[in-house]
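Down below are the structures I want you to see.
Consider the two complexes below, in which subunit A is the common component and subunit B and subunit C are the respective partners.
Let's look at the complex of A and B:
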């Protein structure tokens, strides 16, 4: 297990525990940490875990949006999990929509999704084989 | 920074990012103590958060007061008053439009906050400042 700060690797998933009170300077730091960890681990899916967050204002919405756009540019994908019921109710009434970001209920569902994405990815690599004849094995 | 002058009133000077989380946490606790449901206390906290952030972004400094409020018919509620001496809002109708922003944010702060509360008033004068007063009733 490799973990640094609030990110942790699990298979091709990068787990990110979003802090309860996310402040401006921490956002920049956390995003950098995520991008570096994606490169380090070759993560395909970044899971933003919101289970510690009980007050989610539009600033959080912007954090999710910018993070997902940056992660996309690295060829990975952001999914979110752990949103509390009252947080969801407030987010929707506030008018926050998160296009292009999938949400899952918990870690089990996140793993299932990242495994299926991983299979798709491997399948793509098989249909267009690289120059070498040895498949990439972990 | 909380200068709690009375039991039923919280007063915050909004100057630093940390004041955003202090004020919204204290406001949420006050709402819960008053008997608001968890979901409504969360909405009140989010509105305090949005208004405090607006103060920081546009005016740099200001105050937020959260207090118990009584309607004319005696019903109880919570009142949030956000005050600053910042640049004011030149196009108030635009500022209340969903998605409109001059700061690069999501443009949900004011329009969304209005939806989360029962009453929402903005008074703003260019060059003088902005006052936002919002109320949420306990038993509707």
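Let's look at the complex of A and C:
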């Protein structure tokens, strides 16, 4: 369990529940929290869950973009999930299609994706067990 | 100087008699009585029949007359009362031309060449051989004549000639004034009757037409209305409205609205035709009206009030609204049905859904497709969505853009999209139009699309029998 209210560690996945109203300073705070959590947990995948968000404004795209870039620089990957249909509609309308970010339907899919990613990672580094379950918690 | 004696031969007794006749004539109640008085002296001379003929109108050359009084001895023939005689002008001219207004005497009329042919025939017809014709003239106009007939012929003595010649002078004024008064009475009766008929007709018309009619004076007090209007106003009869204003009627609440319109019409002199307005009733019900208001003008063109007409269009309006509502319902239902039909989601395998698209794709349809697809992905937890465009009638840059957006939306939802049904023709069009679909996964048909989808999910299909 994480000390923070909105980030949670699951295997090598960092779950981030994005709050409904995201203000400018909160964005910075949340992003710092994410980056610290990645360092702390050594997470490989950050899942931004938007199921609580039902409006789409300019902060929104910027938050996802900057976060994904920063996370990438730390050697991890951002995936998003839980975008509501109306939010998606607006995003597509505004051309905010986030081509570099993977989206998954829900937590199950996110977990599956992170597992497959870590498997690839482990396989490449030849440090992890060759098969079976994902590495235990750190 | 000689003594004044214009007619020394006149018998004084005769003069007195004529005076007496004159006095009696003034008291005579009708034409028959007049004739009776006039012929009284002739009875002793063996008169057989007599008639008084009056011209209907009194032109100088009359053509048509009517027997207004007749007398004959029992058993004698005569023209019947009311007989109309149409006599050619020529006959009168022939008769009266030379002799002006003098009385004519004929000892044997049917054979007397002095008498025009028509008169000879007439004299024969009524059996008057001896005939005296007494012309009646008043104010320079012919009013008629009196005929005196003797069936067996008659020799007129000088005294008789003198006497009969004097009769028209005293009879004509009496008959003329009587006729004149009678004509006036008749005229007045006819006009009154015509007026009443016209009024009744007008009243019947305005009470019968399905239109409410009312008229007000310049101070907007009612001068009158028809039955239908009185009913709307909650009154028993149209008369009850006279002198009232709108504040005293069932629609007092909207009186200001009505009065404003009336005032505008009176002030501008411009009619307002066919506009719709509400009307409230004492029982609380509301009616919709189609109203026209026109300025009322007197003979000089001065505006003296306002005339209003309206029809009850409540039912019409209600039906119109009902019809609109039904139409809207049908459109909505059809739209829904169409949307469901046109954007079906088919889950074909675990986490794979297919959406076959048929027909044209416009902006509204593209939005429906997107919403439907997003909902489908959520519902079936799809990771692969296959959009089959085999049935899309036209593929152009617009459609390509719509599909592109849909694919992006599906990706943000967490599903990959494979577009299938790209025929050779469509492939050609897409390239020729310069549409960039490089980021879109496409396959030629649904079958290959499905194989691709299964590969993505890491599912392998093996034939059961192949192992053995």
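Note that in this section the second predicted complex is superposed on the first by the 125 of 138 C-alpha atoms of A that agree within 3 Å, B and C clash if a C-alpha of one lies under 4 Å from a C-alpha of the other, contacts with A are read in each partner's own complex, and residues count from 1 in each chain.
By our rule, contacts are C-beta pairs under 8 Å (C-beta built on N, C-alpha and C of every residue); 3 or more make two chains touch, one makes a residue touch a chain.
As the structure is a computational prediction, the values presented were derived from the model and not from experiment.
Undergrad: Could you classify subunit B and subunit C on subunit A, in the superposed arrangement, as clash or fit?
TA: fit
Undergrad: Contacts for A:72 in the overlay, against subunit B (first) and subunit C (second): which applies, first, second, both or neither?
TA: Neither partner.
Undergrad: Which partner, subunit B or subunit C, is in contact with more residues of subunit A?
TA: B
Undergrad: For the overlaid structures, how many degrees, to the nearest 10, lie between subunit B and subunit C at the C-alpha centre of subunit A?
TA: 30
Undergrad: According to the stated criteria, A:29 is in contact with first (subunit B), second (subunit C), both, or neither; which is it?
TA: In the superposition, A:29 contacts neither subunit B nor subunit C.
Undergrad: Which partner does A:83 reach: the first (subunit B), the second (subunit C), both, or neither?
TA: Only subunit C; A:83 stays clear of subunit B.
Undergrad: Scan A:21 for contacts with subunit B and subunit C and give back first, second, both or neither.
TA: first
Undergrad: Just subunit B (first), just subunit C (second), both, or neither: which does A:105 touch?
TA: Second partner only.
Undergrad: Report, in whole Å, the shortest distance between any C-alpha atom of subunit B and any C-alpha atom of subunit C after the two complexes are superposed.
TA: Minimum C-alpha separation, subunit B to subunit C: 9 Å.
Undergrad: Go through subunit A and flag every residue that touches subunit B in one model and subunit C in the other.
TA: Correct list for subunit A: 85, 89.
Undergrad: Report the residues of subunit C in contact with subunit A in the complex, numbered from low to high.
TA: 367, 370-371, 374-375, 377-378, 381-383, 405, 408-409, 411-415, 439
Undergrad: Taking the complex as given, what residues does subunit B use to touch subunit A?
TA: 17-18, 20-21, 24-25, 28, 38-39, 42-43, 45-46, 49-50, 53, 98, 105-106, 108-109, 111-113, 115-116
Undergrad: Residues of subunit A touching subunit B in their complex?
TA: 21, 23-25, 54-59, 61-62, 65, 85-87, 89-90, 93-96
Undergrad: Note which residues of subunit A are touching subunit C in the complex, please.
TA: Residues in contact with subunit C: 80-81, 83, 85, 88-89, 91-92, 97-99, 103-106, 109.
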